[in-house]
Each structure stands twice: as C-alpha cells, then as structure tokens.
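Each of the next two complexes has chain A plus one more chain, namely chain B in the first and chain C in the second.
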Partner chain A sequence: MNEIDHKADVVIIGGGVNGCSLAYQLSKRGMKVVLCEKGYLCSGATGRCGAGIRQQWSTRENSELAIKSIQIFERLEQELGQDIGLRQGGYLIVVHDKSDMKQAKSNVNMQKALGLDVSILTPDEIVDIVPILDVNGMHAVGATFCPTDGHVDPFKTTHAYAQAAIKHGAQLYKFTKVVGIKKKNKRIDSVLTDRGKISTDFVINAAGAWSKQIAEMVGVKLPNKPFRKEILVTERVKPLFDAMVISFKDGIYFSQQEEGQVLGGIPIPNEKPGYLTAPTFDFLHHMAKTLARYAPPLKHVNVIRQWTGYYDVTPDALPIIGEVEGIKGFIQCNGFSGHGFMLSPMVTKILTAYIADGRTPHILKRLSLSRFKGKKIVREVSVVG
Partner chain B sequence: MRIRNHPIIDFKKKREISFYFNKKKMYGEEGDTIASALHANDVKVLSHSLRYKRPRGFFCGIGKCSSCFMTVNDIPNVRTCITPVKENIKVMEQDKGGELPNKQFINKDKKRIDVEIVIIGSGPAGLMAALAAAEQGASVLLIDENHMVGGQLVKQTHRFFGSREEKAGMRGIELAVELMKKVVEYKESIQLMLATTVIGCYKGKKRHNLIAVQKLADGDQLFEINGHKIIVACGALENMLAFPGNDLPGVYGAGGVQTLMNVYGVKPGKCVLMVGAGNVGLIVSYQLLQAGIMVDRVVEAMPKIGGYHVHAAKLRRCGVPIYTSHSIKEAYGKEKVEGAVVVKVDDYCQPISGTEENISCDTICLAVGLTPSIRLIEQIGVRTEFILEAGGHVAVHDSSMQTNVRGIYIAGDSSGIEEASTAMIEGQLAGVSAATSLGYDKNASEVKRKCRSALKVFRSGPFGEIPRVGKEKIACCYRNGGLTY
Partner chain C sequence: MSDKIFICRCEDLTKEEIDQAIDEGYKTLEELKCKLRLGMGSCQGRGCLLLARRLLCQKTGKSTEEITVPPSRSPFIPVSIGTLASDKDE
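Right after this comes the complex of A and B.
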C-alpha cells in the first residue's frame, strides 16, 4: 500500500454514506480531507440498509432533517453528475387502532405544518395505492401516506459522493483502521491509523455501530448501542407496487425494488444489543409469516437472500451530531438508530457549515451529545426494523 | 443438434417428450432438462436481461447462474437447466420478473428431519463423505439440488490420473455410477434427497439448522433439517471473463458445454473458440472433438499452457492449434454469437493492437477457472479468507476438514479449487472426522492417516504446487487467525 498523507484539515472515520458525503462537501469547500474506512466503502450499515427515504416522523427534529434531506436527494443526481437511483413511490404507514390513529394525526399535523404533502388514508384508499395489501390481515384501520417519500440506491449514492470527493482532492483510504486519537490541550491533535499518523484539527466520528469505540479513544462516552438488524430479499416478480409499506406496531417494512425483488425487514422479539452478525431462522420465519399476512399474493415467492447489519441506536432514536463539549474539533455524526442513510444529506450539510464556516444552527444544539445529561428525553416513536 | 455417435457414451434415441415453448409444441427426450431440450430444438435465447433487454442463453448448466430463468407452468424464475422436462409442460420466456406464483408449495407446514450428519452436495466429495461416514456407522442425509447424484462427475468422460487406489484410470461417469451403487448398498444409513436446495444454514448450540426446499412432482415441500454435523461440499462456480459481448447466447462456461454434450447429448454449436488452456480447457476441447464438433483453436493468455502435456498433445494431434499469449477481445453477433476477435497479449495480459484476428464461430467456451461456492458456509458464520491459489474466498479449515464453527465441515472444490480425485479424499476425510466426533470409530484413525498421506502425494510435484500452497495458506489462516500479505 502507498504511503498515507500525514496532515489534513479533517479526518473522517467511516466510509459509509455520511462519511463520503462529508468528504465530498468539505473537500469542495477547499479543505484537505482524509477519510479512513476499516473495510470497503458501504461495508457497514449503508450497504446493508433497506434504502428507504421517508419524511414522516413523530419528532420535529427528524421530520425537519428528513424533509430537507429529500429536497437534497432530488437535486443530487444533477449535482454529482451520476445516477443515484432515486424513485419516489411514497411511504405508506399502516395505522392499526385508535391510539395509533391519535399518534398518526398528531404526526401528520406536525408534518403538514412543516410543509409536507402527507395525508391520512381510509382502508379502501390503502388498496388503491398498494393493491396486494390485505387490510384485514394486517389489521389496518387506516394509513398515512406521503407521495414524495421513496428509495435511493445507497451504493450508487455513496460511490457518487466518493468519486466527487476524490475529484475535489479528498483522500479516501480503504482497509485503513483507526487505532487511536490524540488530543492536546482539549483539542484534537492527530489520528493514529494502522498505516501511520495523521495530524489534524478536526475528527468526524461517522463510524456507525463502531462510533462508541472511536469516541472512547478520546475518553468520550456515547450512549449508543449496536443492534443486529436483519433483512431479506425475494426473487424478482413483475412490478406490483411502488410504495414502501411500514408498520410501527409490527416493526415491518417492505418495498419492491426496480428489478422486481421485494425487500424488507422486521425486528425479532427480544433481540439484545451486541455485535452479532449471523442471520437467524427466527427472523426468516417471523418476516415471512408477517409479510404473507400483509400481502398474501407474496406468500409463494421465494426468498433468495437474507443478511444482517447494525443499527447504531441512541436512547431517543435521534442522531448525535456536532462537536463534543470540551474537545475542540471532535465531531459526532452517528447514533442514527437505523435512519442514517435517509438523513445523511441534511446532517452532513449542517456539519459542513459548522466545520467550514463555524455556523451553529439551532438543531445542532438539540442533537448534541449533551442532550442526554440529566434531562428528560423525547423519544422518536416512528421506528421500524 | 443431438449427438448420436460418440466413442464413449451411448446416446441412442430415447422416449420423446412433448412440451410447449411460448405456445409452440416441441419435443425433448427422456433425461433432458428443459434447457437442454430447448437447446436441442435450436432455441438459444432463454431470457433477456432486465435493464437493457440483452439476450441471454445457456451458460453454466448446473443451476448456478440466472440466465436460464423461465416461467414453467406459471411458476416464474425456474432454473430450467436443472429442471427435468416433462410431458405437456408450458415453458415461457418471461418478461421482467414474471407473474406471481400461486401454488408452489404443496403443504402449508414444513417437515422436520433429525439426523446425525447432513451432507450438502453429492459430487465426488459429498458422495465419499456420505460413504465414509456410513461405513463408520453414522446416519447420513445426503442432499443435492440436481435430479441426479454425482455432481460434475457425470460429465467427466476422461480417465482420471493418479494411483489405482484413488480410482485412476476410471472415467468420472463410471465413478459416479460406482459410488451411487455403494450409496444404495448403504440405504439403511444414507438417506438421499435429490432436487432439494438448501436455502438457509443456521448455527445452533448443539445442532445446526438447515432450511431446504424439495421440488416434487406436484409442487415444493419445505424442510427443517437438524444435523449434529454438517459437511458442505457444494462445489464451485465457473468464472466469467470481461469482454464486450460476453453475455451473448453462445458464450458458455466450459463446464456448461460439458454438461450439455456429455450429460444430455446435445451439441452446443458447430464451431468453437476455447478460451483457456488449463486442464479444463484442454479436456473439454478434446471432448468437443469426440462429439463431432469443430474446435477452431484454443487461446491462452499466459505464455505457457497450464494443463497437462498429454491433454495438449492429444489436441495437437487432432490438428487443433493452441495459441499462448492470446486472448479473446470481443464476441459479436445479433441475438447469438456469430464470431469473435482474438488478440495477442503482452506479458501483463494487455492486448497488443494490430494483432487482432477475426474468427468465425458460433460457440465460445470460457475455461478460465472456478470460484469456490461459499454462500452457505458464509451464512452460518464460518470464517473465510481470500486465497488466490485456492480460487478466491474459501473457508478456513483444519486438517480434519472442520471449519472454525464446531460441527461444520467442508470438502472438495468449496474448500479450494482442485481435482475430483482430491475432492474425493477430502470428502472421505470429512466424513470420517464428522463420524468420529459423534463417537463412531471403525479403524478411523488409520482411514484418516491414509487420506492425509494420499492428499500429500497428490499435492506433491510441480502440478500440485498451486493447490499445495493454497492449502498451506488455509492451514496457516486456521492456526493464526489471518494472513498478512
């Protein structure tokens, strides 16, 4: 392997969508950027995710980030000059009972106030949008639907960011592991990798499920926990539906890909945190059963693959972004709790503005690590998978 | 397009079976798969690619690629290359993904099987593993996704090399029959499940779980199989080579061609360009000649022929030239191969411009190596490493063929690309080891010792060097937890 650069303005740890997006945006602003990835690009959660992008959330923070993120995704193909596989077929969120409906109505009101085109559907309208759904089987009393939600290809997007970053002079080091971070007088001094030392002012911790270990290198304790999440994909069949179907109660999500495969996931009951990688039969069984209940026509379709990835979960299911108090230059970009891909455009834009221009929008304070200190936290409840 | 005269195999006409392709009536013969019957009817285009609608034809012939996916009796995505043709079935080319299937599973509930040793794959390694374990006294379930046992042995019409003890002098097709006879003799302890695909492999504390689907006459049946020990012997996949036109119908894997002509008695085409002069390329070229098919030439990108001298000499005596330091630049043709451009390459395998030569041919055969099939063992969490000499990513294993996951064994090409002979010995070793770990012991240590010394003999000498280095690296990875290049 070649000699690495020993000096940079910013070192980004993690070659997922957030790391690569940051590498692109910061290098475009003229900063000298080095990215270290311990595997290959997209080898973590980005390359294993369900690839959905949605704006329907229960907390204002996530909704705001998501709405602005989709606006960026809509322009991204043009900006990067590469196909990112954007398809906006909407998200259909199943509502199962009265209390669900109460939460849905309050979510929709908040989302509408932010300018989102979102509506509440009757059971009949659900079938108009996704004809293969069985309203009784999934115990639906209604649904919420936002037509501008959809899918983006995580591989195409991340590689488009990476190539654009390289064009602007960023160095992306794959198979390069960060083994230590040094600070001096409450400031970041340098990053130690298995290929040598890099002096820098800023370190961005975008290491996904491994962010906790990275933060520990400078004595910062993150509340994040890794959770194994499983996902499967079926053989390809003719186009059946455009929307992503999800339920917060059952935790299921599924959609049909452009080539015809149906892809989706569901949490298995009593899953404990930890770095488990093996796929389980329990998941396959639970997912197949639930999927067949939601969409009976799919029950004879073959599953061709299942795999696992990690959610990097925080106590309130909201990301941790921004500088850590007391260590100048140590920036967090993690804790996405399963939503890192869809929130990445806006989160990385905010962080770029902070690092390059010193701007601190209000949302950065609300999503900082210090929010967990002693205060009561408001949990995001619109979570699947 | 049928082969009728063959020096080794008797391809006499068998009972005719009629079926429909895109509503047109066609005839196959007993023993055909859908894809071989279509090929015999000169149907070369089996599907079209999803995005660019490029035609796709027969490639691997053993259910490993997706180019033969078709809709059969309203079930989409059927691997027609491993599905037997049956009277009056309706075969359709499918547009995009195909219709939704509706009656694929015959039972709502899965069936459960508990057994001591499960062996996945009934090729040389799997068959020997089953016999070795049964000889020790263990009860065995032998699973294969094809409708016959033998794996790739069933298409090996050449005689094997090596010592007499290791079946040298026998042809693969004879070996498959002989081993199958023995399996039948052990029918008390070896249960055989054909047309069964293992779709999932999950680690358990005492026993491991497999999920499998068996194709039966009236639909599919789902199985949950619990085994104390699992031996994975699911072989390898043929490598592809990157060049324009490599997806045209008429570009085959060399193994695919072998299957088509030696198992089903169907000619792949009239005139062949063989790419690769390793043993597979040389042997298949000779077998093409035996089937009455012309071989224009063999091209080999390396400056030297990779296979045994005897195989190359046989070809040369028949007037087939072997061009070293040459490779294929492109294949061309509308809907199917009509010709190819070959080119001289330099020491770095880069084409030398100005040396292009146009060849008229309807078949291009790729004999450019194999990649171990590791999908199931990866799923169960076995550690894999990239080892070039073993053919790519392989499972690390110890000298008893056990992987780092207790109770999971590996043998044959899926533990590193080698010959059928070594696959058989590895299978035997894995079978005995799995049985002894369950407490059986009929002179087991002596059998194991013999296996290990036979493997050593096979891997000595210049032609054994690559697999020997591969296996040494695997052993090193197993002990030390990794390689540093």
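Right after this comes the complex of A and C.
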C-alpha cells in the first residue's frame, strides 16, 4: 500500500454513508480531509440496510432531521452528478388497534405541524395503495401514509459521495484500521492507524456499531449497544407495489426494490445485544410467516438471500451528534439506532456547519452525548427491524 | 454475434463493465458486488464470482488465494416464502 498523509484538518473514522458525505462536504469547504475505513466503503450498516427513507417519526428531532434529509436527497443527484436511485413511493405504516391509532394521530399532528404531507388511511384506502396487502391478515384498523417517503440506493449514494470527495481532494483510505487516538491539553492531537500516524484538529467518529470502541480510545464512554439485525431478499418479480410497508407493533418492514426484488426485515423475539454475525433460521421463518400474513401473494416468491448487519442503538433511539464536552475536536456521528442512512444528509450538513463555520444549531445541543447525564430522556417509539 | 462477454448472467454484467470498475478502484469481489450487483442475482454468484476473481487476478497481479470470495448466504438455493412460513405439521 502507498504511504498515507500524516497531516489533516479532519480525520473521519468510518466509510459508510455518513463518513463519505462528511468527506465530500468538508473537502468541498476547502478542508484537508482523511477518511479511514477498516474494510471497504459500505461494508458496515450502510451496505446492509433496508434502503428506506422516511419522515414519519414520534419525536420531533427525528422528524425534523428526516424531512430536511429528504429535501437534500431530492436534489442530491443533481448536486453529485450521479444517479442515487431515489424513488418516492411512500411509507405505509400499519395501525393495528386503538392505542396504536392514538399514537398515530399524535405523530401525524406533530408531523403536519412541521409541514409534512401525511394522512391517516382507512382499511379500504390501504389496498388502493398496496393492492397485495391483506387488511384482515395484518389486523389493520388503518394506516398512516406519507407519499414523499421512499427509497434511495445506499451503494450508489455512498460511492457518489466518495467520488465527489476525492474530486475535492479528500483522501479515502480503505482497509485502514484506526488503532488509537491521542489528545493533548484537552484537544485532539492525532489518530494512529495501522498504516501510520495522522496529526489532526478534528476526529469524527462515524464508525457505526464500532463507535463505542473508537470513543474508548480517548476515554469517552458511549451508551450505544450493537444489535444484530436480519434482512432477506427475494428473486426479482414484476412491479407489485411502490410503498414501503411497516408496522411498529410487529416490527416488520418490506418493500419492492427498483430491480424487482422484495426486501424486508423483522426482529426475532428476545434478541440480545452483541456482535453476532450469523443469520438465523428463526428469522427466515418468522419473517416469511409474517410476510405471508401481510401479503399472501408473496407466498409464491422465492427468497434468495438473507444477511445481517448492526443497529448502533442508543437509550432513546436518537443519534449522538456533535462535539464531546471536554475534548475539543472530538465529534460524534453515531448511535443512529437503525436510521443512519436516511438521516445522513441533514446530520452531516449540521456537522459540516459546526466544523467549517463554528455554527451550533439548537438540535446539536439536543442530540449531544451530554443529554444522557442524569436527565429523563424521551424515547423514539417509531422503530422497526 | 455480439462481442460482449457476459460474466454475471443474472445481473447482465459484461467483462468490459467489470474491468472498468476494477480500473476505477473497486479491487475486491465485495466492492464489485456493491458497485455492480455482481453475484446478487438468483444464482447467488455461483456462475460469476470465480470468473470475476480471475479478472481481478489478471488486473491486480494478485493470486487467487489473496482474493476473498464473499460469504455464501443462506438459504443457498431459492426457497419460497410459503415454504419458509410453514410449520412442521402443515
């Protein structure tokens, strides 16, 4: 391998969508950026995710970040000059009973106040939008629907960011492992990698499920826990539906991709945190059973592959972003709890404004690591997978 | 007859497309998979991954042992959702 640069303004740890987006934006602002990725780009959660983008959340923080992120996704192809596979077929969230409906109404009111086009559907309207669904099988009393939710291709997006970053002079080091971080007088001094040392003012911890270990290198304790999540994908079939279908109660999500394959996931009961990689038959069975109940015609479609990835989960299922108190230059961009891809455009924009211009929008304070210090937290409840 | 040489038949990938991606810096089978969907079709890479590995060897000068083949993912052969959903007694 070639010699690496030993000096940078910013070192980004993690070559997923967040790391590559930051590499692009910061290098575009004229900063000298180095990105270190222990595997290949997209080898972690980005390349294993369900590719959905949605704006329907229970907390204001996630809704705000997601709405602004989708506005950025809508103009990203033009900005980067490359296809990112954006398709807006909506997200249909199944509502199963009275208490579900109460939560749905409260979510929709909050989302509408933020300007989102979202509505509550009757069971008949559900099948108008996704004809293969069985309202009785799903035990649906209604649904919420937002037509501007949808899909983006995580590989295309991350590769497009990476290429744009390289054009602006960023160095992206694949297969380069960070082994230590040095601080001096309460500020970041340098990053140690298996290919040498890099002096820097800023370190961005965008290492997904490995962010906790990265933070420990400078004595910072993150509350994040890794959870194995499983997904399956079917063979390609003719276009059947456009929307992503999800249920918070059953934890299921599934959609049809651009090429025709149906892709989806569901948690298996009593899953414990930890670095487990093996896919399970329990998942295949539970997912297939639930899918057959939701969309009976899919019984005849073949599953060709299952795989796993990690959610980097925080106690409130909201990301940790911004500078850590007491260590100047140590920036968190992790704890996305399964939503890192869809929130990445806005989160990385906020962090770029902080690093390049010193701007601190209010949401940075609300999503800082210090929010966990002895205060009561409000958990995001609209979570699947 | 067309000059195109197909390497991955499920995803319609030609030798030319794979060579070009390798030149662009996608120098492992995993990266070619992410970039081109190589081996992600219904045969799950049985037909193409070893051929693509050969192209990688030729272009990078590496030996076959140095190029890792992505893990085979279950269920290994296509199985219908209906079959996977069925219980023992059904």
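Going forward, the second predicted complex is superposed on the first by the 385 of 385 C-alpha atoms of A that agree within 3 Å, B and C clash if a C-alpha of one lies under 4 Å from a C-alpha of the other, contacts with A are read in each partner's own complex, and residues count from 1 in each chain.
We take it that a contact is a pair of C-beta atoms (placed from the backbone, for glycine too) under 8 Å apart; a residue touches a chain by one contact, two chains touch by 3 or more.
All values derive from a computational prediction rather than experimental measurement.
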Fit-or-clash call for chain B and chain C when the two complexes are aligned on chain A: clash
Chain B versus chain C as contact partner of A:His362, first or second or both or neither: neither
Which of chain B and chain C A:Lys184 touches, first, second, both or neither: neither
Which of chain B and chain C A:His159 touches, first, second, both or neither: second
Which of chain B and chain C A:Lys238 touches, first, second, both or neither: first
Touching partner for A:Lys373 - first (chain B), second (chain C), both, neither: neither
Which of chain B and chain C A:Val303 touches, first, second, both or neither: both
Chain B versus chain C as contact partner of A:Gly47, first or second or both or neither: second
Touching partner for A:Ala292 - first (chain B), second (chain C), both, neither: second
Comparing the two partners chain B and chain C, which touches a greater set of residues in chain A: C
Contacts of A:Pro279 with chain B and chain C, given as first, second, both or neither: both
Where chain B runs into chain C (options 77-85, 311-319 or 383-391): 383-391
Shared contact residues on chain A - chain B and chain C: 235-236, 259, 279, 281, 284, 298, 300-303, 306
Interfacial residue positions of chain B with respect to chain A in the complex: 50-51, 76-77, 95-105, 199-200, 202-203, 209, 211, 213, 379-381
Chain B partner contacts - residues on chain A that touch it in the complex: 235-240, 259-261, 277-281, 284, 297-298, 300-303, 306
Touching residues on chain C, where the partner in the complex is chain A: 28, 30-31, 34-35, 37, 40-42, 44, 73-75, 78-85
Touching residues on chain A, where the partner in the complex is chain C: 39-43, 47, 155, 159, 234-236, 259, 279, 281, 284-285, 287-289, 291-292, 298-307
